[in-house]
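In the two complexes that follow, chain A is the common piece, with chain B as its partner first and chain C second.
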Partner chain A sequence: MLALQILIDGFAISALYGLGAIGFTLMFGVCGVLNLAHGGIMVIAGIIGWWAAANYGAGPYGGAAIGVLAGLVAAYVTYFAIIRPVQRSRAIPKEEEEIFVLTATLLWGIMLQVGLDYLFSNNPVTMRSMIPGVISLAGVRTPRNEILIAVVCWVVIGLLTLLVNRTRLGKQLLAASINPRALTLLGFELSRIYMVVWTIYGLLAGLAGVLLASFIGVSSANAGALTASAFTIVILGGLGSVPGSLIAAYVVGYAETITAYLIAPTLRPIPALLILVVVLYLRPQGLLGRR
Partner chain B sequence: MRQGWITRAGIGAAAALSLAIGASPAPAQAAEKGPIKIGVISEQSAIVGQSISHGAELAADYINAHGGVDGRKIKILLYDDHSSAADAVRAFQRAAEQDHVKAVVTTFISEIALALEPWSARLHIPTITPGAASNLITKQIHDNYARYKYMFEGWFPATILAQAVCDSSHDLFAKDLHMKTAAIMSEDADWTKPLDEGYVKCLPKAGLKVVDEVAFNPDTTDFTPIFNKIEAKHPDVIITGIAHVGVQPTVQWHDQQVPIPFGGISAQATNLTFWKDTNGAANGVITQTGTVPGLAITPLTIPVGEEFVKKYGHFPAFVGFTAYDAVQALAGAMGRAHSTNPDAVVTQMEKTDMVGTLGQYAFHGRKSKYTHSLRYGPKWVPTVFMQWQNGKQVCVWPASKCHNKMIFPPFIKTTKTAAK
Partner chain C sequence: MLRSPLFWLLVPTLLLGATAPWWLGAYYLGIFTTAYYFGVFSMSWDLLFGYAGEVNFGPTFLIGLGAYGAGLLNNAGWPIPLCLAGGSIIAVIGGVALALPALRLRGPYFGLITLVAVLLLIDCIVIFAGVTGGEIGMMVPDVLSISATVNYWYAFGFLVVCGTILFILSRSSLGLILQATGQDRIEAAALGFNVTKHKLAAFCISALFSGLAGGMLVFYQGTASVDTVVDLSITVQIIIAVVFGGRRTILGGVLGSIFLILFDELLRPLGQLNTFVVSGIALLVVLLLPDGVLGYVLRPRASR
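Coming up: the complex of A and B.
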C-alpha cells in the first residue's frame, strides 16, 4: 500500500516538476537565457489565478485561464523590459551578455517577489481544485485533482514534444538551439523564434504555476525555491535538454517522495541535492546535456 | 465617529483605561517634549505581522484622541523584519539608536523575539512581544532578571498554551465526541518544543492517548506523507501546533479528505482572511485564539474589533488585539511613571492590571517561572477555541462563553459519526 502511495504521489509531483522545468530548459537551449525570475513568474500565475477566482467569481477554470495569461504577460514583460535591453545594449560586451542576463533576471526575480509581497502579502494561497473529491486507486485515497494535474502535465509535455519534433516551427527551434548563426544565414529571423520560445515558456510557466497553486499552494516566499528547484532539475538533466529535464524531474520527484515517506518529511530536499552533487562530479554536463 | 466607539465600549472600561494611562501631568517628564515614539517591528507583508502593526496603530489613535500620555502623543514607527531575525535586530538597533524609540512592540515569531531579547537588555528598551510563545523568553527573564527585565511576553508561554489545548480537548473531543486517541502534528520551531512536551504530558490526562508525534519543517509544502503517516496510526483527532504554516496543511487536509478532525493551535486560522486564502478548506478546523467576531470577552473586545474592520477592512488575527493591549500597557506604564525612563517604565509595566481587549491584562511577577508573561485564566486573560463553520469563526469553547456546537465537513469521521 505504501509503495503504491509513493508511486502515485511521486508521479504527480514529478509531472509538475517536469512541466515547470521544461520551459526553463527550452529557454536556455534556444535563447541561451537562464531565467532566474522563473519562480516569480510561476508564483504570479498562481496568485493572479487565485485572486481572480476568489475575488471576481472567475471559478476554478476561469481563474486558471487568467493565471496562465498572467504567466504569459509576466514572461513577455521579462523579455521586453529585462532581457532585450540587456541583449541590445552596446555598453555590454557580447561575451559578457549571458552573465548580465543572468544577473538581470536574478534582480528581476527579487523585484517580482517583493512586489507580490507588497500587493498580496506572503501568505500562501491555494486555488480551488478543478475537480474536487477523491477516488480510491487500489485502496489509496487520491484526490481527483492530483490525477488531473498529472494528466494535464503529460498532455502538455506530449504536445510540446510533437511541436518540437513534428512541425516546421519545432525544427526551427531545434536549429536555433544547435546553430543560431546558420539559421540566420538561411534567412530566418531569430527575434521571431525567440518570441515563439518566450510565448511557449510563458504558457508553460503559467500553467505550472496555476497547477501548483491548486495542488500544494503558492506564496511569494516560494519564488526562490521554485527557481532553485527548476535549476536543480535542468542541471541534473543537462542544460538545454528537454528529455533530460523530464528524466531529472522524475529522479528528483521520486527521491523527494521516497525520502518524505520512508525517512522524514523534513529531509525531503536533501537527496535531490546529493544526487546533483554526484552527477556534477561524475558527469558535469548532466544526464543528457550537451553544453 | 470615535466617540461612538467609546460609548459602545462602556463607561467602566473607559474609566479603567483612563486610570491605566494616567491623566495627571508629570514633573519628571516636563523636560521631555514631542511625541513618545514606540517602534513596531514585524513582518509587514504577512497578514499576522500586519495585524500587529494595525493593533499598535489603533491603540495609539485611541490614546492620542484622549490626550496622549501626560499630554504627549504616541507615535508608532513601523519597521519590517521580513520574518528574519537579522533584519529584526538591525531594525531594533535603528529604532533605539537612530529613531530614539522609548519602547518596542514586536513579532509573533519566537525565534525573532529571542534574537531581540538580548538587545532589549543591552539597550534598555522595554520590549513586548504580542504573540511569540517560546518558554525561553520568560525563562531568561526569570533566570537573569536584572539583565532581561526589559522584555515582556504579551501572550502565553507554550506550556500554558498546551494546557489550554488539553483543557479544551478534554471537553470538546474526549467528553463530547468520546474520542480516545490523538496525534500531535507540529511545525519544528522553538515555540513548539515546550508545546509538544506539554501536549504529551497533558493530553493523556485529558482522556486522549497520544499515538503519534510528527514534527515537520516549516518550509514543508507537501503534507501528503505526513497525513499518510498519521492516518496509519488511526488517531481520533489531530492536535496541531502551527503558526509559520497554515494554509497549505489545511487545504491538503481538505482536498485529500483526511478523515480526522483538526484541533489544537493553528495561528493563521485565527485570521479572518484564512477562509478566502484556503478557498473554504478551513471548514471544520478548530484552533485556540484570543477571540472571534461578536464575542465580548471584555467591554473593549467588540469595539476594538469593529474599529479594526472599519479602518483596515478585516477582523484581525489575535495578535492585533494583543498588540493593541501591549501599546495600551506601555502607555499606561509611562503615564503612571510620568516618565519614559526604561527602568521606571518596567517597574510600572509589572504593576499593569487593566481591562484589555482579551481579558484582565497583567503579567506574571518576578518569582513566577513565567516572569513577565501574560497571566492566563478565567480571572485574567482566558483563551477561547473557535471553529471555522461555513465561512464564519464560531466560538466553541469554553462552554461558559460559547454556546455553539462543533460541525465537521462530511469527510470527517468523529467517533459519534462512526457509531451511527
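Coming up: the complex of A and C.
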C-alpha cells in the first residue's frame, strides 16, 4: 500500500522534475549556456498563470496558457537582455564567457525573484486543479490532477524526442550541439537555431512552472531551489544528455519521495545530494554524459 | 610605485578608513564593520575564482565551518583567540575536502559540488539543532567588544592585514602559477609547475582567511546563524562584490563589498526593491565593464 503510494507520487514528481530539467540540459547541449535564472523563469510562469486564473477569470486552462506564455517571454528577455550582450561583448574574452554567463544569469535570477516577491509577495500560490476529483488506483487515492500532470509531462517529453530525432529542425539542433562551426560552414544561421532553442526552452520551463504551481504550488522563494534541483538533475544525468536527465530526474524524485515517506520529510533533499556527490566522484561526466 | 594609479587610490582610501571613527556615526561604523568582513570573504574568494579559475559556489561552506567551529568552541569555554584558531583549522580541513574534487572535476561540475557542500552543511546545522541552534542560530558567550569604535578598529585592522597578505600572495609566483593553471592547466603542468600542489595551497589559503573572517564576524555579531554566514545569498553577495569590483584584482572585492552593503543600507527606503536595484546595477557593470570597476581604473591606458 505504502509502496504503491510511493510509486505513484514518485512517478508524478519525477516526471515534473524531468520536464523542468530537459529544457535546461537542451540549452546547455546546444547553446552552451547554463542558465542560473531557470528557477526564476519557472516561478514567473507559475505565478502569472495563477494570477491570471484567480483574478481575471481565465480558468485553469486559460491561466495555464497565459503562464506558459509568460515563461516564453521571460526566456526571450533573458536571451536578448542578458545572454546575447555577454556573447557579443568584445570586452569579455571567449574563454571566460562561461563564467560571465553564470554570473549574469545568477544576478538576473535574483532580480526576477526579488521582483516577483515585490509584486506578488512570497506566499506560496497553488493553481486550481485542471481536473478536480480523486481516483482510486489499486486502493491508493490519487488526485486526477496528479495523473494528468504525469501524462502531460510524458507527452511533451515524447514530442520533444520526436522533434529532435525525426525532424529536419531537430537534426540541426543536434548538429549545433556537436559542431556549431561546421553547421555555419554548411550555410545554416546559428543565431536562428539559438532562437529555436530559446523558444523550446521557454515553453518547457513555462509549462513546468505552471504544472508545478498546480501540483504543489510555487513561491518566489522557491526560485533558487528550483534552479539547484534542475542543475543537480542535469549534472547527475550528464550535461547535455536528455535521456540522462530523465533517468536522473527519476533517481532524484524517487530518492526524495522514499525519504519523505519512510524516514522524515525534513530529510527530503539529503539522499539526492549524497547520490550526486558519489556519482561525481566515481563518474565525473554523470550517468550518460560524454566527456 | 608613485606612478601606479593603485597607490594613489589606496593611500586616500586607507586614510579615510583609518580616520572614519572621528567623522562617522556609530550606525555607519557598524555598516562598514560588516562590509570589511565581507571584504575579506570576497578577497579569499577572488584568489580561487580570479586566479585559480575555480567556479566556487561554496565560499560559505568555508566561512560557515570557520564561524560555527569558532562558535562551538567558544560555547565549550575556550577563549576567543583559541576559538578563532580552531575555527580556521576546521575551515582549512573543509578547504582540503573541497580541493579534492577540484583536482578531478572542471567548471560547472566542480561548481555544483561546492553548491552541494553548502546545502549539506545547512542540512547538518538544521538536523543537529540541539548543538548548533538550528535555523534560529547559536549565541556565543563572548564578543570582541561592545563599543562600535573598537569593533570598527578590529575589522579595519583585520581587513588591512588580510588584504596585504592576499595582495602580496597574488603578485607572488604563487599567484602567477595559479593564473597559468586557471587559464591552461595542461600547459602549466607541461611547463613543470606542480598544479596539484598550487591548487591545494590556494584552497587552504582561501579557506584559512574565509574561516578566520567568519569567526571574527561571529564574535562581532555575538551570534552565528545560517542566514548570516552560510546561506546561499551570502555566496551571491560575494560573487557580486568580486565581479563588480573587478575579478583578479583581490582589492576589487573590498570595493564591491563596501558598495553592496552600503547601497543595501542607503536604498532601504525602497523596501524589498533594494536588492533588485543593487543586483541590477551589478548586472549592468558585468555587461558593460566586464573587468569590474577597479579593473577598469587600473587597466593600462593604451588598451582602454
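To be clear about the criterion, the second predicted complex is superposed on the first by the 290 of 291 C-alpha atoms of A that agree within 3 Å, B and C clash if a C-alpha of one lies under 4 Å from a C-alpha of the other, contacts with A are read in each partner's own complex, and residues count from 1 in each chain.
By definition in this document, a contact is a pair of C-beta atoms (placed from the backbone, for glycine too) under 8 Å apart; a residue touches a chain by one contact, two chains touch by 3 or more.
Please read all numbers here as calculations on a predicted model, not as lab measurements.
K.L.:
Between chain B (first) and chain C (second), which does A:P265 come into contact with in this model arrangement: first, second, both, or neither?
P.N.:
first
K.L.:
I'd like to know which partner A:L273 touches here: chain B for first, chain C for second, both or neither.
P.N.:
Second partner only, chain C.
K.L.:
Given the touch rule stated above, what does A:E98 touch, chain B (first), chain C (second), both, or neither?
P.N.:
Second partner only.
K.L.:
Could you say whether A:M111 touches chain B, chain C, both of them, or neither, answering first, second, both or neither?
P.N.:
It touches chain C, and chain B stays clear.
K.L.:
Is A:T199 contacted by the first partner chain B, the second partner chain C, both or neither?
P.N.:
It touches nothing on chain B or chain C.
K.L.:
Considering only the touch criterion stated at the top, classify A:S129 as touching first (chain B), second (chain C), both, or neither.
P.N.:
A:S129 contacts chain B only, not chain C.
K.L.:
Scan A:L239 for contacts with chain B and chain C and give back first, second, both or neither.
P.N.:
second
K.L.:
Which chain A residues lie in the overlap of the chain B contact set and the chain C contact set?
P.N.:
Residues common to the chain A contacts of chain C and of chain B are 117-118, 266, listed in rising order.
K.L.:
In the complex of these two chains, what residues of chain A are touching chain C?
P.N.:
The contact residues of chain A facing chain C are 34, 82, 85-86, 89, 91-92, 95, 98-100, 102-104, 106-108, 110-111, 114-115, 117-118, 224, 228, 231-232, 235, 239, 266-267, 269-270, 273-274, 276-277, 280-281, 284.
K.L.:
Spell out the residues on chain C that touch chain A in their complex, using ranges where they run on.
P.N.:
Touch residues, chain C against chain A: 49, 55, 101, 104-105, 107-109, 111-113, 115-116, 119-120, 123, 126-127, 183, 232, 236, 239-240, 243, 271-273, 275-276, 279-280, 282-283, 286-287, 289-291.
K.L.:
What residues of chain A sit close enough to touch chain B in their complex?
P.N.:
Listed in rising order, the residues of chain A that touch chain B are 2, 5, 9, 13, 50, 53-54, 117-118, 121-129, 132-134, 141, 143, 145, 216-217, 219-220, 222, 225, 257, 260-261, 265-266, 268.
K.L.:
In the complex formed with chain A, which residues of chain B make contact?
P.N.:
That would be residues 43, 45-47, 50, 83, 188, 214-217, 219-226, 228-229, 245-248, 251-252, 255-257, 268, 273, 276-279, 281 of chain B.
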